[in-house]
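Look at the two complexes coming up: chain A is in both, with chain B in one and chain C in the other.
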Partner chain A sequence: MFTFTIRRLILTVPTLLFISLVIFLIVKLSPSDPTGNLPLTIPSEVREQIREALGVNKPLLVQYLLWLKQFFWLEPLIYLENLTGWDLGTEGKVRLISYQTRSPVMDLIMQRMPQTLTVVGTAYLVGILIALPIGIISAYKQYSVFDQAGTFISMIGFSVPPFFSGVLVIVLFSVIIPSDSFFWLPSIYDTTHEVVDWESFKYQFRQMIMPVMVLALQITAQISRFTRASMLDNLNQDYVRTARAKGMSESVTVMKHVLRNSMIPVVTVIALGIPSIFGGAIITEQVFKVNGLGQLLIIAIQGGDVPTVQTLTFIFAILIVLFNLIADILYGLLDPRIRYD
Partner chain B sequence: MLDDAKQPLVRVQNLKMHFPIFGGLLHRRIGEVKAVDGISFDIMEGETLGLVGESGCGKSTVGRALLRLYEATAGEVIIDGADIAHASPEELRMMRPTMQMIFQDPQASLNPRMTVSDIIGEPLREHQKGSAADREDRVLELMDQVGLNRDFAKRYPHEFSGGQRQRIGIARALALNPKFIVCDEPIAALDVSIQAQVVNLLEELQDRLGLTYLFISHDLSMVRHIADRVAVMYLGQVAELAPRDDIYSKPLHPYTQALLSAVPEPDPSIAEATDRIILTGDVPSPSNPPKGCNFCTRCPQVMDICKVKKPIFQEVEQGRFVACHLFENNEATAANAASEV
Partner chain C sequence: MKLKIALMGAVAASAIAPMAFADAHEGERGRDGNVSIIYWQAPSILNPFLSGGTKDIEAASMIIEPLARYNQDGALVPWLVDEVPTVENGGVSEDLTSITWKITPGIVWADGTPFTSADVKFTADYCMNPDGGCAQVTKFENVTNVEAVDDLTVKVTFGGPTPFPYGPFVGGESPIIQAAQFANCMGAAASSCSTENFNPVGTGPFKVVEFKPNDVITMEANELYRQEGKPAFASVTFKGGGDATAAGRAVMETGEFDYAWNLQLAPDVIANMEAGGKGTPVAGFGPLVERIMLNQTNPSPDLGPEERSVIRPHPFLGDEAVYKALSMAIDRPLLVEIGYGQAGKVTCNWIPAPAAVNSDTFDCSTQDIAGANAMLEAAGWVDSNGNGTRDKDGVELNMLYQTSTNAVRQDFQALIKQWWSEIGVGVELRNIDASVFFGGDAASPDTFQKFYADVEMYANTFNGTDPQSYLANGLCKNAPMPSTQWQGENISRFCDEAYDALHKELTNTANADERARIARELNDIMVSKGGMIPLVHRGRLSAHANSLGGVVLNVWDSELWNVADWYRTGN
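Moving on to the complex of A and B:
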């Protein structure tokens, strides 16, 4: 298992390099101009100078290698310096700068990360916590009323996109319900809100309900279906009959024999979904004005902010590659029949 | 031969197991498969009853319904003085230690995520008090009993050969010192050299521990080897039940005769001399069995009455029961008819 992990980790290096090149080329070759959003009154020579200053006119290969150096060498060094207080000679070096805000891209990402992690991460957790019991009970009582209702809700979760369900709950809970009612919820997520006491915690809780539940609906739909299918697969296995013949109680039979075996595919699906937390739910963040990573990406795309788009996309790529590896390792850990060495 | 004072350990009365068939748009019950349709027999303590019949005749269903791994449709099963068929789930669970089962498929009937010592030790944890060390000792003792190397206790089922896996299944069944074990084709999935080993192991354990077996098999020579009495099943009903030597030397029921004539004879001169009874046609569907005798569609000695009236399962000689109009004596019929009213 250890050698397998090391081998896979080494293999990720060329994979990621290739991905970074593809991302770089796609972003660079797309017809977007970093000066495109500037006022029309700026004369074209000045625009040219701005482009020159941003380094957009250099050959693509030079730009790519420069980006590689900044991303893989300079930025980690700077964060190491900040962490330890050592002087590693990064003073005065040009960091990866966002075209739009002129601030370092990594700092932008670090500022946005907590919002996304709180909202989307909570939604993921809530989604899993709801999905697992629903999936288990649905499978155990297949075709019961509960199962049918679960199937119906899952279908809704699958098929209704968040730009509809998000707006729908805003209309319901922020518009129709009067704002002095107990059930009223704020439609805008205030990221500057700080939790200091009970009251502010209650407000934080209230403002998180809608974005979290809209996202959780989708996650629940997916994972509960997966759990149900996997449970159904295992419920009719011979070893479950063996467990009953042994005289195990029904709860032991279901929780220990059926559930543990059913969790193998479900856990890997959950692991593969984690990068999407960091990716942020782009649409949901937009609907509820959560200024997380997803929203940052959208603004960067609109502004032709190549370094931000590229860095963000590449970080998502790293996470996806990494969690694929983690899912593989989990599979090996959970299922004794799978051995990688 | 049979001691009349002996009480049967297992008594089965008119056991029926019908599986519903659902169909149509509304998933309504449109019929039923009569897998087991009213069978009765006793098994004495320390005895091995062989249950033979062709594929799909309901042998395994009898075994499972006996231990209530299926909910029987009707009938009575009494094992060691306790009514299995009508016990509450918790009572049933408490009775599990007296009755165990060895399953047909040693690959599928063992939980792939549990080690051998977990599989064998789980019933001990559930039904007996005792420290982990005691359980460990008992598990190792059981592994010795069935001829498994003690060093393999921490391995997983998939790491064993078929014969070894079946030994794990046997050790598991023995863990709680049961009185009665249903062996559901324990050797069907094994190759011939291993079959002999497993059957000898079962016989040895019976001598040592005084076990009672219901040995389900379609291998007539193996049943001849291990069983004291043999029951022949056809289409959900017992055609003939008799002591082993009687049934093999002088089968009464036409179906038994046909079945036994299909056993290959090693001596070619004898083989040529004997006439094989070859049945024509297929087994009728158990969801729509023929009126009258089940076997009337294929019986070489069919009479008119067979197509109209069901034969009664009755004792025709000392210890020999047959359900066939050829052997029905009128007194018994009258007595049975009287008792049925």
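Moving on to the complex of A and C:
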């Protein structure tokens, strides 16, 4: 197991380098222009000067190597400096600068991280908490009214996109319900809001309800179906019959034996989904103006902001590779029959 | 009895007092609490010199200010100076080569230091530095020297006679930044100054508390603002992001925000939102015109890359009968009604505003399909082979009609295709993603500059009120071509000697009436010689909450130009 982990970890280095090159080339070679969003009143010579100042016209290889150096060497050094207070000689070095804001990309990402983690992270948790009981009960009482209702809700969760469900709940809870009502919810997320006391916590809770529930609906749909399928697989196994024959109570049979075995694939699915939390929920963030990582990415794509797009997508790639590894290891830990060595 | 009258008088007086107060909108600075503004495009930076984006310029206009700016009628008003220099008051030299600004004494930056001519000079140096990539460098075009004569006097010298010397330091695109703050941010260092770019020290009514790029700006009233009792609001929440629909909804339906910028939405959507009763849309008209550009060169795909959309003439668009008929077949009032509602007007002109330069030569408000058919018939364009499109000498009237992807534009395309088919012109439609279409990538075949189509539709405008440089878009030499990496503003490749000569005359004319006359004539040449078919004069539509007073929509400058005068009304 240990050697397997080490081998996989070493293998991630060339994988990630290759991914970074592919991302870089895709972003660079696609027809995008950092000055493309500027008003037409700005003439082309000025646009050319702006591009020159941003370094867009340098050779591709130079730009790629510079990005590698900034991302893997300079930025970690700067964060180490900030953390420890040592002087590592980063003063005056050109950091990884976003074309749009002319500020360090990593600072932008750090600034956006809390919003995304609170909203999308909470939604993921809520989604799992709702999904597991639904999945378990649906499987145990297969084809019951509850199972049918669960299937129906999952189907809605799978098929209704957030740009529809999000706007629908906004119209319901922000527009139709009068704003002085208890049930009214804000349609625009206030990213400057700080939780300091009970009142501000209540406001934070209210403004999170809609984006969290819209996201949770989708997550619930996916995970509850997985749980149900996995439970059904196990419920028909011989060991369940044996357990019942031994006179174990239903709750022990289902919750201890069946559930544990069914959790193995579900945990993997949950682990594989964690990178998507960091990726933010591009559409939901846009609908509720949460302005987290997803919104940062989409604005950067629209603005032709190559360094931001490149860095963000690469961080997602790192997370995906890492969590794939974690899922593999978890699989081995949860199921003693699986051995990688 | 007397007591009773006296008491009633007192009651009446106390009832009148707050009314009088409300009408005058005066009182202490910061009395009205917080005002919230939503821009569906989020500001990325608060330094307009590093970003040409309207969202960034307008957000910054609450903090940093120019010497003079345009009011809602497009007239210049002094802002940080006592009067706008002109030839009459001696501020502009007789030979039109220099302009001298006199700063109002006593203005201070938000950090308490005095605002001087050194800051103005520094701003010019900052933007004119060739390594900085200043987005507003055209404002400083032809400027040879900026001199701080004394602490409150700045003299700008131009390389030649400049009849319109109000480029530098005028309007939201050219505000003054503080020399002390930006001293280390010149040239190539401009990009590394994120603290300065996110938190400029200004003379405006507000100052930045926190700037979250592409998200939200928190501002508070500038305690040192030069006008007593202004701004009325103590703080500003400036939220960005989302889409125009959500922004309009937040002001007019849910009432969460006080002001929403630039709501490019279908007229019925706006009407529905207005029914929400919490806000009011306001429209203003600048020179923005939705038009169809007619390619004067041959866009045939059979030609090589050096010739396609480069060599003149176009197989049939140069024929007066053809382009006149194309224009006559269009029902402009219907286009306005469908696409823009109260934010649109019918126009036959390339330059429909300011009023002085709006030509009245043409009338195009009625559709005339029969007339268009007759005109084509008379010119010899007939459907000789019975395939549904007219032809002449083996040339078929078949066109490729391209535009950017946008719901209104696709509606327009469908309608116009229908009308043109009624006069025997075959049309193939194409729409291209806006970021590619306007992206200017010389390697892409789909940019509007390359114009690999017969006709294309988009909107364009100019800043300020003087159309001279905008009219230069019709000069023969400004046509995009391979040798210039397809850069150039003359998109239709219009080329007319009389036009070029008249434009030259414009650059040497100072008198305002005379300039307006020449501008109108240039407009007439462009339209009558088939450079373009103007369709809709488009306005800017924004919305404010019913409880927000003092909003004066200004399309000639930043929309937030008079944010210092905004106040909360009683309701």
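Things to note:
By our rule, the second predicted complex is superposed on the first by the 332 of 341 C-alpha atoms of A that agree within 3 Å, B and C clash if a C-alpha of one lies under 4 Å from a C-alpha of the other, contacts with A are read in each partner's own complex, and residues count from 1 in each chain.
The rule is short, and it goes like this: a contact is a pair of C-beta atoms (placed from the backbone, for glycine too) under 8 Å apart; a residue touches a chain by one contact, two chains touch by 3 or more.
Values in this document were obtained by computation on a predicted structure and should not be read as measured data.
Superposition model on chain A: chain B and chain C are shown accommodated side by side without a clash. Of the two partner chains placed by superposition, only chain C is touched by A:192; chain B is not.
Counting residues of chain A touched by each partner, chain B versus chain C, the larger count belongs to C.
By the touch criterion stated above, A:42 is placed in contact with chain C alone, chain B being left untouched.
Contacts of A:174 after superposition on the shared chain: chain C is touched, whereas chain B is not. Shared-chain residue A:286: touches chain C; no touch with chain B. In the superposed pair of complexes, A:261 makes contact with chain B only, with no contact to chain C.
By the touch criterion stated above, A:337 is placed in contact with chain B alone, chain C being left untouched. Put simply, if you stand at the Cα centre of chain A and look at the Cα centres of chain B and chain C, the angle between them is 150 degrees to the nearest 10. In the superposed model, A:100 lies in contact with chain C only, and not with chain B. After overlaying the two complexes on the shared chain, residue contacts for A:244 are found with chain B alone; chain C is out of touch. For the pair chain B and chain C, the model built by superposing on chain A gives 46 Å as the shortest CA-CA distance. Overlaid on A, the two complexes show chain B and chain C touching no common residue of chain A. Contact residues on chain C toward chain A in their complex (touch as defined above): 38, 42, 44-45, 47, 50-54, 130-135, 137-138, 188, 190-194, 197-198, 210, 212-216, 218, 237, 239-243, 246, 249-250, 253-257, 276, 435-436, 438-441, 443-444, 446, 449, 458, 460-463, 470, 484, 487-489. Residues of chain A touching chain B in their complex: 143, 237-239, 241-250, 252, 257, 260-261, 334-337. Those residues of chain A lying in contact with chain C across their complex are 31-33, 35-54, 94-95, 97-98, 100-104, 107-108, 111-112, 170, 174-175, 179, 186-188, 190-192, 286-287, 289, 291, 295-296, 299, 302-304. Chain B meets chain A in the complex at residues 27, 64, 67, 69, 89, 93-97, 100-101, 103, 105, 108-113, 122-123, 126-127, 156, 158, 169, 172, 176.
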